[in-house]
Amino acid sequence: MLQVSHLQKSFGNHAVLNDIDFEVCKGDVVSIIGASGSGKSTMLRCINLLEEPGGGAILFHGQDITDPKVNVPAYRAKVGMVFQNFNLFNNMTVLENCIVGQVKVAKKKPEEARESAIRYLRQVGMEPFLNAKPRQLSGGQKQRVAIARALAMEPEVLLFDEPTSALDPQMVGEVLSVMEDLAKQGLTMLVVTHEMAFARDVSTHVIYMSEGVIEEEGTPEQIFGAPKSDKTKEFLARFRNTSI
Amino acid sequence: MLQVSHLQKSFGNHAVLNDIDFEVCKGDVVSIIGASGSGKSTMLRCINLLEEPGGGAILFHGQDITDPKVNVPAYRAKVGMVFQNFNLFNNMTVLENCIVGQVKVAKKKPEEARESAIRYLRQVGMEPFLNAKPRQLSGGQKQRVAIARALAMEPEVLLFDEPTSALDPQMVGEVLSVMEDLAKQGLTMLVVTHEMAFARDVSTHVIYMSEGVIEEEGTPEQIFGAPKSDKTKEFLARFRNTSI
Amino acid sequence: MSISNMNFLERILYLLQRYGVSYLKGAGTTLAIALVSTAIGCLIGFVVGVVQTIPVDKKRDSAAKRGLLRVVKMILKAYVELFRGTPMIVQAVFIYYGLSQMFQIQLGMWSAAFLVVSINTGAYMAESVRGGIISVDPGQMEGAKAIGMTHVQAMKNVILPQAIRNIMPQIGNNLIINIKDTSVLSVISIVDLFFVHKSVAGALYTYFESATIVMAIYLTMTLVTSRLLLLVEKKMDGDANYELVDTMDIGNQLRTIRENDGEGRRG
Amino acid sequence: MSISNMNFLERILYLLQRYGVSYLKGAGTTLAIALVSTAIGCLIGFVVGVVQTIPVDKKRDSAAKRGLLRVVKMILKAYVELFRGTPMIVQAVFIYYGLSQMFQIQLGMWSAAFLVVSINTGAYMAESVRGGIISVDPGQMEGAKAIGMTHVQAMKNVILPQAIRNIMPQIGNNLIINIKDTSVLSVISIVDLFFVHKSVAGALYTYFESATIVMAIYLTMTLVTSRLLLLVEKKMDGDANYELVDTMDIGNQLRTIRENDGEGRRG
Amino acid sequence: EEPAAADTKTEAAEDTASADTTGDKKVLKVAMECGYAPYNWTQPDDSNGAVPINDSSDYAYGYDVMMAKKIADELGYELQIVKLDWDSLVPAVQSGTVDCVIAGQSITSERLEMVDFSNPYYYASVVSLVKQDGPLADAKGISDFEGATCTSQLGTIWYDVCLPQIKDANIQPAQESAPAMLVALESGRTDLVVTDMPTAKAACVAYPDLKLLDFTDTDDDFAVSDEEINIGISVQKGNTELLDGINSVLATMTVDDFNSMMDEAISVQPLSE
């Protein structure tokens, strides 16, 4: 359902993405791994059109969404995003953060929106904090609200940018199990992650990025079991030494 | 050198820290682990006096720094901090971020400050980005600059709030080795972390926090090998299942 | 006792006794025009500020839309520059007398007064709003866009509420400026507080005494309004703390909501 | 040709020919007072804004320091409220004539002019600066404090540079307000652009023609200044992109620095 | 709101175009500052026959108002006093928003190009005001003013014609209003102001330490032609009907009539109470 081809992006003279090609099918959970600064966030942002791609095409259900005629807000409503730095709305409470999109964008009834917001917040354990403002939350709490906000929009595809970076192992477990459930229900996910365990155990497909190109991609077994590229081997070396 | 006793803190009716007691000696690397929202960041912020403790004492070299007569900026200059959300200065380049404190606070000569800033930036692999502004950096890059900025102040104690959350495993390895070096040189560190591997392998002491109290503390061997409290066992369950 | 034998204070009392009502009426006029025009001006300023920050998407927007946006932005820019850039007193004369002379359009003096002050405030507020908008973390806009909000929705729900908080001190400034600047409306026959002062000074030649009275009245008005605005700021900042929700209660709440079909709803 | 037979344009040309130099001189006076006073006023505003945001630490600050801070803050607050809250024209009269009458203090008219406009601008800017400071992410202050900066250091190096960026539109507003508000200084014998207009209109009864001329001059002045300020804003925003540093080169750079003893240093 | 000013248009030449009608009586809109005693001032009540100010609860009275009443009565108009800032008196009459201005305007040839003036409705004399304890208090003529710092009101013959006659005078920029001019004198910023007798008399009541110097009929006085010191009523250019009407009323009055009317105005001005 999502096809990226020859995607390019540079900031000034600094080429950040180079000829990125891959495909995601419905229900896929794609992990994107790679070094800091290799362009993972930029790629997600391009898919969501928060950055204008410098070249190439992004097909969503066969339609090139870089096409000028595409209704961008409507597209974005179908493609959720959890930001690396959360970007919660500072002027709203936790609950309002999760309601506003449903009401204003998805045009749901307020009470319906409220119920589903509370449902998702409960899933990530943020129910007691409904009335808190973002500035009153801990890092992990913010991250969980950001996840709930994205889920509450019930998108077709979800882009996660390091969704568990601020969470403790226990919470990571809970969030991952929520994500697994969603995957089983057919939600498509692209997950930038540094949790190699997640990439290996949960995802259906792994993309390893290095310096703006896809160095290697394949099933978790291929990437973790038998990486072809030397770079991939080196990158995974520490993880494989310490944790497997 | 750092002694926390009966530390308390609440926001409104919400008690966040309850009767926290522990001691850190010179050269210790103390890991603080615990669930999201358990009060880890708040504790670090109290130690740095960014939050006013609600009760209890914090002794630094025997002097209670909650005492009104203490010169707070001078104390803070000796106690570095890496924030969970980095707090890089947006109006400065990467290099300036690492220089300004040395020049304005530590009163170093500008060229000296510049050299040591570059040295620390090189250690975290951020040398090519000297002239970038924070908004132009990736999450992991920001985190590395934040670490370099704190190191450049050459403090006696360093408080790290999840210093590797945005880093890939390879980079985590490099940052951790920098921290190990520093520990060997006698730098004292308090590290809030979700990297159980780090807590286990690098630290000299582990504190497990839960709901505002220290549930258990001890050497890594004690905590990871033979946790006494049920809560600790439960918290560590997932980590022990998957990664050991 | 003749005024020539009175001392400063006695003269002030004499003026108050004789012209007290006039002063108060003048103050009322001043306050009414300032309040209404600041409110309208803020609205204008918000609309202009928001339109001026609509990004042009070279690729996605049709040539027609881009052209239109450009024209609208140019008109708004011209509006801001023209009304910010020329003295309000001259604008008032042109609008009230000039329109009448050249196009036989006779605005009532009150409509002219509200019009002139509002569009002036709007021109200044447009710039303040622009400043308020650029000071909001760009991540907020990204967050809003990512859940599918259009530019206008994002502005309305996310950016402006935060921008307004940042420019509240500015809104206060504008209100206070207006309280004082309505004095130029004496050219179109509006008898505001300052015109009363001029009349009294011209009738009794007691400039300092009358000036002292109007300064006191002005100060009272501006102090009260700036105090009120500070309260609004405090209110906007909200509580420093929040209440934890009793999770047991949420289920009940949900049920109640369903029964009342949306009472107590939010957002 | 007699002026009664001229059309509007011809009259304007006639006025320009006859009073052109006076208009220009008036404009020069206006611009000089506005520029200098805005600059001084901004300085005052920054100092007041910064002092007003110094946090009081109930526990750590000595009673003496807290008392002093409170008194200073109260004085500054009174200054802001007094000068924002009363008409500049009355202030000018009190300062220029009142001081002379009551205390035999004879300020020169130019000093009085600069003084009055500067302290007024300062009072308004203090509020704008407050708005600018609250709009900067509190994390920035924490970052600065964590490396040991004092409140003043943090303000100077971290907060204000960002606040200034946010209130640049406001500084533009103030400059433009001042360009127009200097007209009230005619009460203390300053012959600014607007006074020239009044003189011409009063002598020839050609209000609209003269007003058109001064509006054009005001517009020119305000357009040029707001254009310049926009350039400054652009400059402040800096490049959208940065250059990667050639890491090989850094070693050389370091060496050069050492040799030149700090040329090209930063911070 | 302005009472149905709808048809008050500029075709002034056309008969009573610039006068509204309410009921059967046409309205005569007369503009003045209502802040220049004893010519015109604002008072809170209608004592002495003061006229309500349009759109205000205050009343206007003074020499100009008395004259306006007389003209309106004789010509069969209903009088409406429009209180306006000095700056906008001219645009108001030029645009037809008001019918005439009675506000102590001096008749000059230059002004006659832009508005029409009636015949003089008052002959103002020129006097000087100084401080009683100041160096000029004993001046016997304008030659004693040599080198004085002086000022007067903007757009008056006193400023434009009289002050330049003082030898080596340090002429400061003109003041916009009589009160401002007096503040300048009283505060010591200027040594001397030149104005007319009614204003000067009023000033001496408000500021007892001022001294009025009148050199009329001496050789050492300001030289002004009779024409220059005349003040007139201005109407929109070409509004001959109103102008003729006003002139016909003024023609019935003598200089003594003017003076006695002024004396009455001075006697009832607020300062005299």
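All chains are identified by letter, namely A, B, C, D and E, in their written order; residue positions are counted from 1 within each chain.
To be clear about the criterion, a contact is a pair of C-beta atoms (placed from the backbone, for glycine too) under 8 Å apart; a residue touches a chain by one contact, two chains touch by 3 or more.
Owing to the predicted nature of the structure, the values given are computational and were not obtained by experimental measurement.
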Touching both subunit D and subunit E (chains): C
Of all other chains, the one whose Cα centre sits farthest from subunit B: E
Chain pair with more C-beta contacts, B-D versus B-C: B-D
Centroid comparison with subunit D (C-alpha atoms), farthest chain: A
Rounded Å distance between subunit C and subunit E, as computed from the means of their C-alpha atoms: 38
Averaged-CA centre spacing for the pair subunit E and subunit A, given as whole angstrom: 80
Whole-Å gap between the CA centroids of subunit A and subunit C: 43
Centre-of-Cα separation between subunit D and subunit C, whole angstrom: 21
For subunit C, residues contacting two or more additional chains: 93, 98, 101, 137, 165, 207-208, 241-244
Two or more partner chains touched - positions in subunit B: 11, 85, 136
Shared-contact residues (touching 2 or more other chains) in subunit E: 87-88, 91, 94, 180, 183
All touching chain pairs, where touch follows the definition stated at the start: A-B, A-C, A-D, B-C, B-D, C-D, C-E, D-E
Of subunit E, residues touching subunit C in the complex: 1-2, 5-6, 8-10, 33-37, 41-44, 53-58, 82-85, 87-88, 91-92, 94-97, 177-180, 182-183, 202-203, 205-208, 269-271, 273
Residues of subunit A that touch subunit C when the two form their complex: 48, 50, 52, 68, 70, 72-78, 80-81, 83, 85-93, 95-96, 99-101, 103-106, 109-111, 113-115, 118, 122, 127-133, 136, 149-150, 153
For the subunit B and subunit C complex, residues of the former touching the latter: 11-14, 135
Interfacial residue positions of subunit E with respect to subunit D in the complex: 87-88, 90-91, 94, 108, 110-115, 151, 154-155, 160, 172-176, 180, 183-184, 186-189, 237
Of all residues in subunit C, those that touch subunit A in their complex: 59-62, 137, 139-140, 142-150, 153, 157-158, 161-162, 165, 238, 241-247, 250, 254, 257-258, 261-262, 265-267
